[in-house]
Amino acid sequence: MITGYFNYWVVIILMMMGFYIVISDSNLIKKIIGLNIFQTSVFILFISMSKVKGGTAPILIAGADVYSNPLPHVLILTAIVVGVSTSALGLAIIAKIHRAYGTVDETIIHEQDDLQDEN
Amino acid sequence: MNPRSSLILREVCRLVIPAVMLFALYVQFHGEYGPGGGFQAGVIFAAAVILYALVYGRQKAQRILPTETVRYFIAAGVLLYAGVGVATMLLGGNFLDYNVLLQGHQQAQHLGIFLIELGVGVTVGAVMIAIFYTLDEFCE
Amino acid sequence: MLAHLPALQVVIPLISAPACVLVTRANWAWLLATAVSIISFVIALLLVHEVSEHGVLSYHLGGWRPPLGIEYRIDHLSAYLLTIVAATASITMIAARESIKQEIPPEKASLFFSAYLLCLTGLLGIIASGDAFNIFVFLEISSLSSYVLIAMGRDRRALTAAYQYLIMGTIGATFILIGVGLLYMLTGTLNIQDLQQRIPAIVDSRTLHAAFAFLTAGISLKIALFPLHLWLPNAYAHAPSMITVFLSATATKVSVYVLLRFFFDLFPQEISLQQFHLGKILLPLSIIAILTASFVAIFQENIKRMLAYSSVAQIGYMTLAIGLGSADGTIAGMVYLFNHAIIKGGLFLAMACVLLRIGSVQLEDFAGLGRRMPWTMAAVVLLGLGLIGIPFTAGFVSKWYVLSAAIEQGHWLAAIVVVGGSLLTVLYIWKIIEHAYFKTPVSATRQSQVILEAPRQMLLPLWLLVAGSFYFGLDTSFSLGFASTAVQALFH
Amino acid sequence: MDIETIVNISLLTMLALTVVVLIRMKSLLAIALSSGVYSFLSAGLFVAMDAVDVAFTEAAVGAGITTILLLVTIAITGREQTVSKHKRFLPIAVITITGAALIYGTLDMPPYGDAKAPIHTHVAPHYLTQSSEEIGIPNVVTSVLASYRGYDTLGEVVVIFTAAVGVLLLLGNAAKRSGRKQ
């Protein structure tokens, strides 16, 4: 029982640590890094479920008859691409924010916006 | 030219970059048998170009592979992929049903997969290069 | 070619997006985007016809039968939503030229319209798809492109709004991905019809409960359901005007559709409602959303922001209707979605007209606009009546059905909130009318400024929406009739 | 304990350590590099779990491209992280609830590596047993990716295309482009 779920539990802890960075840190770049960690950990969750004990990679060869499940691999390949696209876009927005505000810290940005409202 | 890169680094890269590009081609066309495919190939090819740009300076990379060209490739890959789908429709199959492309269904599948993997590779490589160019230009 | 309609619905905008990047002239890019939007609308109407004649259409992408391959599945519900999205897209694009010319530099126009086409592709793809993972992929296409489109707003706050939306949206999408992954883990399939067959057997699994929870949280983020709505007001307020028109009428609506597709179809609706108590989650949140967001809207000085808060409240009405858990409630929610797309799309289009002519949508700058932009302001008044829910408008029809569904369920609190929310709506709409018609500009520069009425290219689509708001207040054969058939199919 | 389990556990431990270190670090440069390390380690884990294609991609994208993009962005915005953490309580509450929901969800999951789990008995066996006849190539991941679920992959290409359009639209030096054309 414990060994059966150990993988999943560690992965969940990793996911939550990434998620924590996203929602707690005020630095915009670090949030993106947190998002990466969160998503990569979700990928590990998917790949964990595809594994079959004693199986091999799903490339058909003579002599092997137990293969791990290829479908989660395909899904995660797509998800990795989605992840890097999101990061690239997020970073581009950050670069522009830096030019407009001179900072990449959420708290300072909010202060600047509030100041502008008062004037 | 990037002044920070030393002579040795440039000479090493002169050897490494073509090798990486060859590897990209191998990955592109070997995906049916081993791990890899268009996506990985595109990324590796882009990595080679980015490495070149880092060592020799972006302007020099852009003289060989101009931004405009990259932009065409970005669109071309998607159009090739979707174009295969349109072709299968015109040949009487469903969207992306490769079986109508050729007589034997395995050959047809091979052709379809080859073409769409090529589309993936072209777009992914071009996109990575374009994003790098743009970010680096913005940096100045 | 008719057999390929489900694929063409999505593939045509998909192909035109890269094609648009290659177009160099701003006007041609606009023309391409407009033409594609109208073609999509025509295809959506053909699909409505096909579905009414032949029932559910299933299209096997790649020629592989589901669940091996990906299936496009057009039933009444998807045809209904496709029509709404494609119609909004057409009207937005027809009206968009002047406004976008002013807000987007011409050399960026082709990329901008390409991003718009991608967003349209994503939204249509979500609706057409019958595969849970494919929905995730197209959700990301529409989300990524909307982050870009929002970031193109003129104010620097558009950037922070887009960033905030990107973070929240990605969290939402990742939650949906986790949910879909858990479902796959339990059943071995991603096809929605196949999942529907397999879920009743595993209804006691704790993993299924977790999947349900993650899907609920993820979709709620995308819908902007209270308290996960924080991204929406800034995004709508600072996006380029025409993008606000487009997104307000489509993006959250499609998310509401995803909610229905997942919880009334993928999960059989009796399981969602009885085992997982979806109604008990949705109802209180919706009630709070309607009351607080309407209340906050009253105090907004930026009218686009006011209308954005109003959208949060209006989304509350839809989820409230769905949360009632009856077929009648869900039908009411769908009618509400349809009518609100017309009314709110129209109101934001009027704001685009105002922004085009006076460069501001601050309340104080509305002073005297009633005389200077008579057609635009008259449209605001008439659409405002619809938003409030005055009889003979489409807004009345939708509120009426939500109200009667609430009463039918004996849910008196919900009924009171529906009426109370309308009273709050009167307050903020009145603020606009008061400024436009009963105040004179304070600053001398505004007083002497020559303000032209909006161009005809924008007024015509605007008044088309006004006409729609009244037409669908009287003739409900499509909005109500088609929605009923759609929902009845879900409730068997 | 077999070798597979040992590899798994050590990689997972290293992953966890990397994140813990990363959360406490202040220098953005070091954080970006550690996130690259994280990706690289997960790529190793993917190999251990038979997902060679995924590992390849994760190494190229997560450890390679993403890290380069992060470094370029940091070059634009400046290296040091400004120290101002305000929120603590709410984020911890959120991740505790989310994590608890997931742990609860694991309780009825098929155990790790179980060959009788539903995902190994429905749909996937068809790919493994029939693809050599229906498609005719040995890499089943490629078969599924490029043919059975080829439409998802088209979507994936469109996603990355969207990212490019977005970056060009946001940062592209449009003035220079049109200037060159005239």
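Order of writing sets the labels: A, B, C and D. Residues in every chain begin at 1.
Methods note: a residue touches a chain if its C-beta (ideal position, glycine included) is under 8 Å from a C-beta of that chain, and two chains touch if they have at least 3 such contacts.
Fair warning: this is a prediction, and the values are worked out from it, not measured in the lab.
Two chain pairs are in question, C-D and B-C; the one with more C-beta pairs in contact is C-D. Taking the CA centroid of chain D as reference, the farthest chain centroid is that of C.
Taking each chain's centre as the mean of its C-alpha atoms, chain C lies 30 Å from chain D. Separation between the centroids of chain B and chain C, computed from CA atoms only, is 36 Å.
Here the spacing of chain A and chain D, counted between their Cα centres, is 6 Å.
Put simply, the C-alpha centre of chain B and that of chain D have 20 angstrom between them.
Of all residues in chain A, those touching 2 or more other chains are 19, 23, 49, 57, 59, 71-72, 75, 77-78, 81-82, 85-86, 88-89, 91-96, listed in ascending order. Looking at chain D, one finds that residues 52-53, 57, 61, 65, 69, 72-73, 76, 102, 106-107, 109-110, 117, 119-120, 123-124, 127, 138-139, 141, 143, 145, 147, 149-156, 158-163, 166-168, 170-172, 177 touch two or more other chains.
Counting partner chains per residue, chain C has residues 14, 17-18, 21, 61-62, 133, 137, 140, 144, 147-148, 151, 178, 184-185 touching two or more of them. If each chain is drawn as a node and touching chains are joined, the picture has every node linked to every other.
Chain D makes touch with chain C in their complex at residues 101-102, 104-110, 117-124, 126-127, 147-152, 154-156, 158-159, 161-163, 165-166, 168-170, 172, 174-175, 177-178.
Within the complex, the chain B residues that touch chain C are 71-72, 74-76, 78-79, 82-83, 85-86, 89, 93-99.
Only residues 33-35, 39, 124, 131, 134-135, 138 of chain B touch chain A when the two sit together in their complex.
Remark: chain A residues 19, 22-23, 28, 31, 35, 38-39, 42, 45-46, 49, 71-72, 75, 78-79, 82, 85-86, 89-90, 93-94, 96-97, 100-101, 109, 113 touch chain C in the complex. Of all the residues in chain C, the ones that touch chain D in their complex are 14, 17-18, 21, 61-62, 64, 67-70, 105, 107-108, 111-112, 114-115, 118, 121, 125, 133-134, 137-138, 140-141, 144-145, 147-148, 151-152, 178, 182, 184-189, 205-211, 213-214.
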